[in-house]
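Presented sequentially are two complexes of subunit A, the first with subunit B as partner and the second with subunit C.
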Partner chain A sequence: MRLRQLIGFLIVCGGIARAGEPTPVDVLKHYDDTMSPKTFDSLITMVAHRQDDTTRTYKFRALKGDGDKIRLWFYEPAAAKGQEMLRVGDNMWVYMPNLKRAIRLASRESFQGGDFNNADALRVNYVADYTPAFGDSGAKDTWLLDLTAKTKDAAYDRIKLWIHKADFMPVKAEYYAASGKMLRSMVFADVKDFHGLKRPSHLVMKNELAQKRFSEMNTLDMKLNIDVPAQRFVLDELGR
Partner chain B sequence: MFRASLSLTLVLALTGLARGQESLDQIDQAKAESSTAKTSVAEVNGYLDNRLQGSWINPNTSPVSTRDQPALQDILEANVQLKVHLGSSAFVYADLSLFFQYGTLYYQSDGMGGRQGVADHWVAGLQPFFSPNELYISYAPRPWLHFLAGRKRVVWGSGFAFNPTDLINPPKDPTDPNLQRAGAWQARIELPFERFTFSLLAAPSVLYSSYGLPSAMLAYPSAANLPPPASGQAMSYRDDQFHYLLAARLYALIWDSDINLMAFFSNQYNDGFANKLRLGASFSRYFFTDYELHAEALFQQGSARPFVNHWCVADGAGFGSPGCPDPAAAIGPSKLADSAITARVLVGGRTMFKDESTLSIEYYYQGDGDSDLEFEDTLRALVRAQQSHVALPFGPAAVQDPAVKFAFDPLRRHYLIASYMKPKIHDDWTLGATLIAGLRDLSGMFAPMVSWDAREWLTLTLNGFIPIRGIPVGQVSVNGNSYSEYSMLPFDWRVLFEARAFY
Partner chain C sequence: MLPLIRIALRNVVRYRRRSLIALSAVFLALFVMVCVRGFLNGVQSAIREGVIDGQTGAVQVHRKGFLAAMQGASLELDVPADDAFLSRIARAPHVTAVAPRILFGGMVNANDRTVFSLMSALDPVREAKVCPRRFDHVDQGALVGKSAPDGSDLTGALLRRIGARIGDRVAVLSNDRDGVLNAVEVGVAGSFPEAGLFAADKKVMMLPLGPSQELLRMPGRATEIAVAVDDLANVGATVAALRASLGDEYEVSSWHDVAPFLDDLISTQDAVLGMIVNTFLFMALLGIANTMLMSVRERTREIGTMMAVGVRRRQILALFLVEAAILGLAGGALGLGAGGALIHHWAGTGLHIKTPASSVPFLVHPFITPAFIARVFIVSTVGATLAALYPALRASRLRPVEALNTAA
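Right, the complex of A and B next:
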């Protein structure tokens, strides 16, 4: 991963050398590499804060393989234990232990009833899904990337993403519907070093349509450069 | 029963081996230990579930006896799901349930349009039993090669409420597909690859079981080894054949679609077909971002469904008449050898609205279902059998399996299954409703529900079941009484309260 980061850094530096500042695509690629490395194995908790001030806590393992594939195993709470999720390209499934089978999911559906949607948790490939442009960030030390969905299959129609210039770390994001209404907003915090990859470990997604609702996602651990057979990411593997 | 209790006790004792998942290193370390130090790592979870249901039994709506159907019933289920890793490429999985049941308040027709009470009595279907819903060993020597032996629920079709291609498992409950967990005993070889999977499966019939545990598979035991019939039950039918199902299936992910092609060859496996080849296919895909569409079809020659001998019920004829010498043969699988190809097809879709509510609509065509005349004959046979006190191997949809709340056993050809679910009302409440409608006579079953996730580990659900029988379209009149398919359900309403605690 360090080599990959070095190459990314050199690409960015090359862009800076050519034009004085990286292009929006360069910055967005760096975001994708930071938030969703090529392959990883991670342990994550999600705490959903609800309207009645109570919380629901989920714990799951996420395994990302080559070629835009990711698989999740849920450990907590007890009612969700045994559930699995799989994404291959644009396809998503959830395995329900009570049904003993997997059913297809839409990318815009809520992720475990929290404030992230399935695409937030299972698909971070913004370079593929969005066209970036620089906007006015309002601060000298950050870029504002204005992302417009390339297709209707993207999870959001528009995203505003603030990136710290010094270290390319994401700072915050806003997610919009086609009508221009803000649906959610996210704050990226607590940058940690996961086996050589520095990335925010604490994400707070606020539901802008409900007053008190927000969800926190904490990355407890993340290993990189995982060698996983392609068969771990096939539909029939779920529930095995 | 002792065996069942002992099995569950052993499983519960094994749960002491279970470990949590505190970090990736712990997960990896546990698997490494299990692989190198010859130890086993177990994961365990499960639930305790209580279902209390009350029904208003109406013996006059159905030509089927209600004598053994309690108006008040309680079902307690203790479930444990255990996965024991045997190294890095094998594991044993068990999903076991122990059921205790109690029923009281029985009614039957008083012969004058009313009902009369029946004293509490022994009912075979209300005895405690053990259900090894799934119990298998899985071994994957290579990423592309998987072996499995034991009992597992394998569902290949894409239907949500119902799967016409599912010839393998016990049927599920369309009003709540979560309830049916039981699978079939089988040996399976699977070859998963990146974009397709090939599966071969062999499943023997369970021919005898005791308290849910199988005691004879594939072939009937010799008479000397035959267990005695349960009290009140006749000796089971025996033959010297092998009862099995062989299945092959190819799954492919093509154009963002799940496509399954299936072939089944069976000999008297869950039905009367002998050496029968059936073909199936299914499809599922999202269109326009939010609309999931699916289709599932089974093609076969003939039918294993029971049909009535018209000469047993025609005017001027009847049981014992020259055209119907044997009342016991009045209903039977008379189309087993038909050469006509019939199809069972389910087409449906599912979508989620902006408020996160979901709507699922499915249409089911059962090509070998009763025609109008055949349905009329069926009802006449049931009425005459009741009058003659003859037990026929047939009846309207009724709950035989306590694991499900409602059994979908369609008699006719055209059905609509629609379900709507609105979750996250005040965070923890879910409202839903399911409608199963026979489109030929517009009768059906309406099943509303409200669910409350009282705690992360506790879900309380209130279900209602209301037969829709009042629409006078396509009904059949027998002896002055009008019947439709779902009017034959022997209750006016049913309420079920369920409490499920997860651990």
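Right, the complex of A and C next:
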């Protein structure tokens, strides 16, 4: 009888202790809300650092609407001008102005030859794509989220995500292949306030498979809670 | 010496059954050796020619560092593909043709389906001269660039994946030399069966150089210049001459460098074959040793008699060795003759081999080199003589009196 009481007591204590701690899913939801708010209209530059020490700079507008839909317009460089990208759920397309038609893209393909892949750039919803669990972050003030892909269509098979406990700000991430090989690693830097949303504005993605390659993504502006007609996210609308 | 050979010959003929056993052992061993070696020679040269005439060319020229670089960086390491540069390469000794190429990874799209594919951008006219067997497998429709300037050939598997047919137009999507996404439309001119077991072999596309240069935004450039030579034996001289004339900016490689798996494959096959062949030969020689040993036992009285009439021990030893040598020589000659004849016949007709790794049968022309014949012939004759050494020594050490008293 005593033992049962003791066990019951311990369970109750555990429950009380748990109540204050967010679950892995809660933390991941925070991450999604920070990095990819429900709707936004943003201006982004990407600088791809190449193996030969040269760089290529891209500038594009990203518009996100309700229901995991994103559309991109490329402004720079001249060769990419007029290209658009669209993501609806797990489907992605690129609109090629010279062919005047959209071509389906794979989520794991490199985004404009840089070190982000298409799904990184057209990111919508990690909670939908990955199952999170806590791991050992190695620091008391940081969570380590261990994300496992729910489907093969996810951008990576496994992601490790370090998140600051005090403000839920992402610190760094590592991206893995199914084999366990690290493909990319990212540092989240330069937290800025975008119309009331604090989030890292400078992302540095390092290609772990190459010696010198890395890409930087800078958010210049991000407007939130905008009203975007669903019509903007229809395939036939691309190029118009 | 001559009388000795005459007596030995007479003995070989006299003990007919025993000689026949020894003879057939050597015959069989050498027959099998020649057939297997000849067949393997044919297979190896078919594979080598398939790779050199169908894919690599004998020599390749790249920008320095190209072969060591990862696939992703390879477009940056490009070479000129203009007439001036190509004729500079064509002037090297033994060069018969040159062909610029771009090898890249891209996506092919039709019917809202996009599939990753390995792309070979080729100049159809020049390519056919460097790699005459490049287009051998195209079994449906037209060759690259033949029916239309942008006509391309895709594997059947690739066409099925994107739901396209010959005559359709497909989009090819890739990052250009700067990394920027680009796309062009090309026509599906023909198709060829997927070559290998590996998934990578199944999604392959050959497209003309022009549209590819436009797609990759690298007009007048290529990543690889394939070079054909008049005779594969001259590859070394051509490589050396090109290295000297092109300088440090470029790397010149022979097919040994770009297809190292070929040399590995061939040397592994040779090692395995060597083991099998040597086992056969060893067993045949054991057969000779055994029959000679039996022969010594059977002929003890005869040996005693010979010794009694004054034949020297040395001569007895020599007699048995010569008998064995005759058996080795005759069996070897017959085996090599029969095997050689069969290989010669196959060399003329050719053998169609169908491997599980390839849906395309390839024609094998077995052949055998005189050097191999000579080597095997010497080894079998000397081997037979050596195998008889112990029985011959035993015979030469018999005591005449005891030998004469032995019951026959």
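In the analysis below, the second predicted complex is superposed on the first by the 221 of 240 C-alpha atoms of A that agree within 3 Å, B and C clash if a C-alpha of one lies under 4 Å from a C-alpha of the other, contacts with A are read in each partner's own complex, and residues count from 1 in each chain.
In this text, a contact is a pair of C-beta atoms (placed from the backbone, for glycine too) under 8 Å apart; a residue touches a chain by one contact, two chains touch by 3 or more.
What you see is a predicted model, and the numbers here were worked out from it, not measured in a lab.
Overlaying the two complexes via subunit A brings subunit B and subunit C into a clash. Once the two structures are overlaid, the count of subunit A residues touched is higher for B than for its counterpart among subunit B and subunit C. When the two structures are aligned on the shared chain, A:51 is found in touch with subunit B and with subunit C. When the shared chain is aligned, no partner comes close enough to touch A:140: not subunit B, not subunit C. In the superposition on chain A, A:75 contacts subunit B only, with no contact to subunit C.
In the superposition on chain A, A:83 makes contact with subunit C only, not with subunit B.
Look at A:109: by the touch rule set out above, it reaches both subunit B and subunit C.
Residue contacts after overlaying the shared chain place A:94 against subunit C, while subunit B stays out of touching range. In the superposition on chain A, contact of A:240 is made with subunit B only, not with subunit C.
Within the superposed arrangement, the part of subunit B that overlaps subunit C, taken from 290-298, 380-388 or 470-478, is 290-298. Overlap of the subunit B and subunit C interfaces on subunit A comprises residues 50-52, 56, 77, 79, 96, 98-99, 101, 103-104, 106, 109-110, 113. Subunit C contributes residues 69-70, 72-73, 76, 107, 109, 112-114, 116, 171, 173, 175-176, 178-185, 217 to its touches with subunit A in the complex. Across the interface of their complex, subunit C is touched by residues 48, 50-52, 56, 77, 79-80, 83, 94, 96, 98-99, 101, 103-106, 109-110, 112-114, 209-210 of subunit A. The part of subunit A that touches subunit B in the complex is made up of residues 41-43, 50-52, 54, 56-57, 59, 61, 75, 77-79, 81-82, 88-91, 96-101, 103-104, 106-110, 113, 152-153, 220-221, 223, 229-237, 240. Remark: subunit B residues 20-21, 23-25, 27, 45, 47, 81, 134, 138, 143-144, 146, 153, 155, 160, 177-179, 181, 183, 190, 192-194, 197, 199, 251, 253, 256, 258, 284-286, 288-290, 292, 352, 356, 423-424, 426-427, 453, 456-457, 459, 502-503 touch subunit A in the complex.
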